[in-house]
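Okay, structure first, notes after.
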Amino acid sequence: MALNKERRIGRHAVLLLLSDESEGELERLRQLDWIGCKGKVGSMEAHKVVAAIETAAKKNGIIQPDLYRESHALYHAIMEALHGVTRGQVQLGSVHRTVGLTFAVLRGNPYENAQEGDWIAVSLYGTIGAPVKGSEHEAIGLGVNHI
Amino acid sequence: MALNKERRIGRHAVLLLLSDESEGELERLRQLDWIGCKGKVGSMEAHKVVAAIETAAKKNGIIQPDLYRESHALYHAIMEALHGVTRGQVQLGSVHRTVGLTFAVLRGNPYENAQEGDWIAVSLYGTIGAPVKGSEHEAIGLGVNHI
Amino acid sequence: MALNKERRIGRHAVLLLLSDESEGELERLRQLDWIGCKGKVGSMEAHKVVAAIETAAKKNGIIQPDLYRESHALYHAIMEALHGVTRGQVQLGSVHRTVGLTFAVLRGNPYENAQEGDWIAVSLYGTIGAPVKGSEHEAIGLGVNHI
Amino acid sequence: MALNKERRIGRHAVLLLLSDESEGELERLRQLDWIGCKGKVGSMEAHKVVAAIETAAKKNGIIQPDLYRESHALYHAIMEALHGVTRGQVQLGSVHRTVGLTFAVLRGNPYENAQEGDWIAVSLYGTIGAPVKGSEHEAIGLGVNHI
Amino acid sequence: MALNKERRIGRHAVLLLLSDESEGELERLRQLDWIGCKGKVGSMEAHKVVAAIETAAKKNGIIQPDLYRESHALYHAIMEALHGVTRGQVQLGSVHRTVGLTFAVLRGNPYENAQEGDWIAVSLYGTIGAPVKGSEHEAIGLGVNHI
Amino acid sequence: MALNKERRIGRHAVLLLLSDESEGELERLRQLDWIGCKGKVGSMEAHKVVAAIETAAKKNGIIQPDLYRESHALYHAIMEALHGVTRGQVQLGSVHRTVGLTFAVLRGNPYENAQEGDWIAVSLYGTIGAPVKGSEHEAIGLGVNHI
């Protein structure tokens, strides 16, 4: 039932996020039978971050757009990742701050046991701060859910 | 006033955390005039995670143990990192879960402007889950503060 | 000082909410000397849910509109009920979700002791999810306050 | 993709909870091909509430004890239900309060589309208050998750 | 329905807290027909802060010990005041920090309208920080509730 | 390393806030080598409260506008003060409430040890409630940070 060391999906989702060479990274992940994507979003509104990730995940075939259980799994993974970025209140512009984020979404089975089925990892990395250039520091978040 | 691309302290703190070759990584960071450390802690009690990181940061000379402003900066960075790991309530055993974490602490100036002085980044990576072997998934957190 | 088994105001507020036959239910509650109402609200904005319940409670004579202590009691009961519906952050559209809710408000004394005076219960039941038909699941909330 | 009106799993989980005649109710739910259980737990420690529900769900065959994805689904449903009961901080004794709860767990597909698969609903109802007999009011919570 | 400028109960509760001459202050408040008390509590456990304030309020006749509605009003006022002190998670030792607090409780009607009846204000002031002498800064909190 | 009794910056920030004679108070604080300011803001949007305090602090030379570390220290102090005012969710209009606040910002060293350097205290006092005149009660908040 343990996590497989080579298949730590959260670690891969974060490395993919921080990699300057994502295409190769995604290719290697495909060899684990995993599927993933990477994108960018900047906003003062958390709902735009959510929507950008959902759209990318659907467009890249990571979740089935007409199965709610898959959107539900993704939504909660996104919300968990946003907790890491926002650290207390999942709010951006309403508390006078903005984000510039790179995101990655990965889908696959990180466990030894094949019956654990697919899981989804959403990783976020970027800057958060005042809506003033340079008045920002880095933030990261990861959400992991069964799908 | 912008973040220096080579000096993104949060990114370095996360890569150091995920690296299998931390000594070389820490050596390279020293060349940026940065100081850092890496350690491990597993617990069902959040306060033990806090204490382990504080102890490591003091023992490795990352913060001055007798200046409260430095402990205060570190404490809030740890708490922010814990938000990423716990995603909602900074609680472990009291909500029936446990963590096994690797942590890294880095201190240095990530900005172009030398007057921005030192900042501190605390990164956490590991597993969170039920107090049952294998019933766990990954989690990550990052806290960044001026010091 | 104990709760009277027949007068569990929260239980009644939830059963009223889920009942297909609310008029009879409200009639029976009137025989306990209680007053209540039931309504519906759908929105992506939490403040509209709050306002809809406040308006219904005033229009139905459940609280006195010109006594702040009564509005205050109701407001906190509504906020507590919203915690059950939102489960973490009292936010809807700002985290890309919407609700379709039925609400009930009940006022009366649920305790054996007449001196406990009036209490207010606000119950919420409905769906929460993405702003896409069918991409939603159920949610419930209950707030109870002295008035 | 819509919720099936007869199969609203959260509503059934709450009615089962509030019913004085649970055996008949569970029997009727079995005819929907659903599986469920009901139990009681009183504690000043949230982790004991979590453990009691997990144990009951495993003992009654509602989740497979050796599949983490099922425990994970249940855990998050329990945590969501606890938000409704605690309304702000998922804490009991640490903020000087205690609960006496009845819980129900239901598993089945509430959607029209068979591909939505199984979902799990955890409902909680009871009292919360000071650790003094009678100094308590009612609380309710519901968590719904795909499994 | 407005707040009476001379009767701002929260302001009085805070000034009483910060005053070096509380006896005179309490005497003047009695002339507004108000009743209050002041005390101290230091702890790493939030529930001990709650219990100390509840005990003082009962012993000083500020609330009626055998009416739950009064304890309920006080409890929520205490919890709200603790939010100001803890600023995010109502936790002390579990996140490796401790408090040394002075508290005040005041009861009276702060509004122009006599029908607004009694309200209760709980104010907290002191230090919060690491369980190390001097590694602490100040914190304040105020909770106001109808009673 | 202890707090200096005469230099309790949070206490001074609150007394300055509640004083009817702020000019004299600020003058006395200048003799401790401290710098401060006082202002007012009313809004249904938390980000306007944040912006008003940031603007006042910059205009009065309390923080250096072009050093991010100083804005960062101030931002977190403001957010902590807002926790005291909002007591649970840092939200105003989105949960149907509004504030009318006086704020003070003070900068100086509250510790015996000169090496502790400057700290910043943000205090907030005013009313919070429904967007209806008189339907409001008092609230207070204090945030303290190293700068």
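Order as written gives the chain letters A, B, C, D, E and F; numbering starts at 1 within each chain.
One rule holds for everything that comes next: a contact is a pair of C-beta atoms (placed from the backbone, for glycine too) under 8 Å apart; a residue touches a chain by one contact, two chains touch by 3 or more.
Quantities reported herein were computed from a predicted structural model and do not represent experimental measurements.
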{"item": "Minimal step count in the chain contact network, subunit B to subunit C", "value": "2"}
{"item": "Selected pair, greater C-beta contact count between C-D and B-D", "value": "C-D"}
{"item": "Recurring contact interface, reference A-C, options C-D, B-F or A-F [over half identical by residue number]", "value": "A-F"}
{"item": "Residue-number overlap at the subunit B/subunit F interface, same or different (half cut)", "value": "same"}
{"item": "Chain whose average C-alpha position is farthest from subunit B's own", "value": "C"}
{"item": "Longest centre-to-centre distance from subunit A, chain (CA-based)", "value": "E"}
{"item": "Whole-Å gap separating subunit B and subunit E, where each centre is the average of the chain's CA atoms", "value": "36"}
{"item": "Computed distance of Cα centres, subunit F from subunit E, in Å", "value": "20"}
{"item": "Subunit B residues counted as touching two or more neighbouring chains", "value": "1, 68, 72, 88-89, 91, 94, 111, 119, 134-137"}
{"item": "Overall pattern in which the protein chains touch one another (line/ring/star/complete/other)", "value": "other"}
{"item": "Chain pairs in mutual contact under the definition given at the outset", "value": "A-B, A-C, A-D, A-F, B-D, B-E, B-F, C-D, C-E, C-F, D-E, E-F"}
{"item": "Touch list for subunit B against partner subunit A, complex", "value": "1-3, 8-11, 14-15, 18, 80, 83-88, 110-111, 119, 121, 123, 125, 127, 133-144"}
{"item": "Touching residues (chain side subunit D, partner subunit B) in the complex", "value": "45-47, 50-51, 54, 68, 71-72, 75, 79, 82, 89-91, 94"}
{"item": "Parts of subunit B lying in touch with subunit F, wherever the complex brings them together", "value": "1, 66-69, 72-73, 76, 111, 113, 115-117, 119, 145-147"}
{"item": "Subunit F to subunit C touching residues, read off their complex", "value": "88-89, 91, 93-97, 129-130, 132, 134-137"}
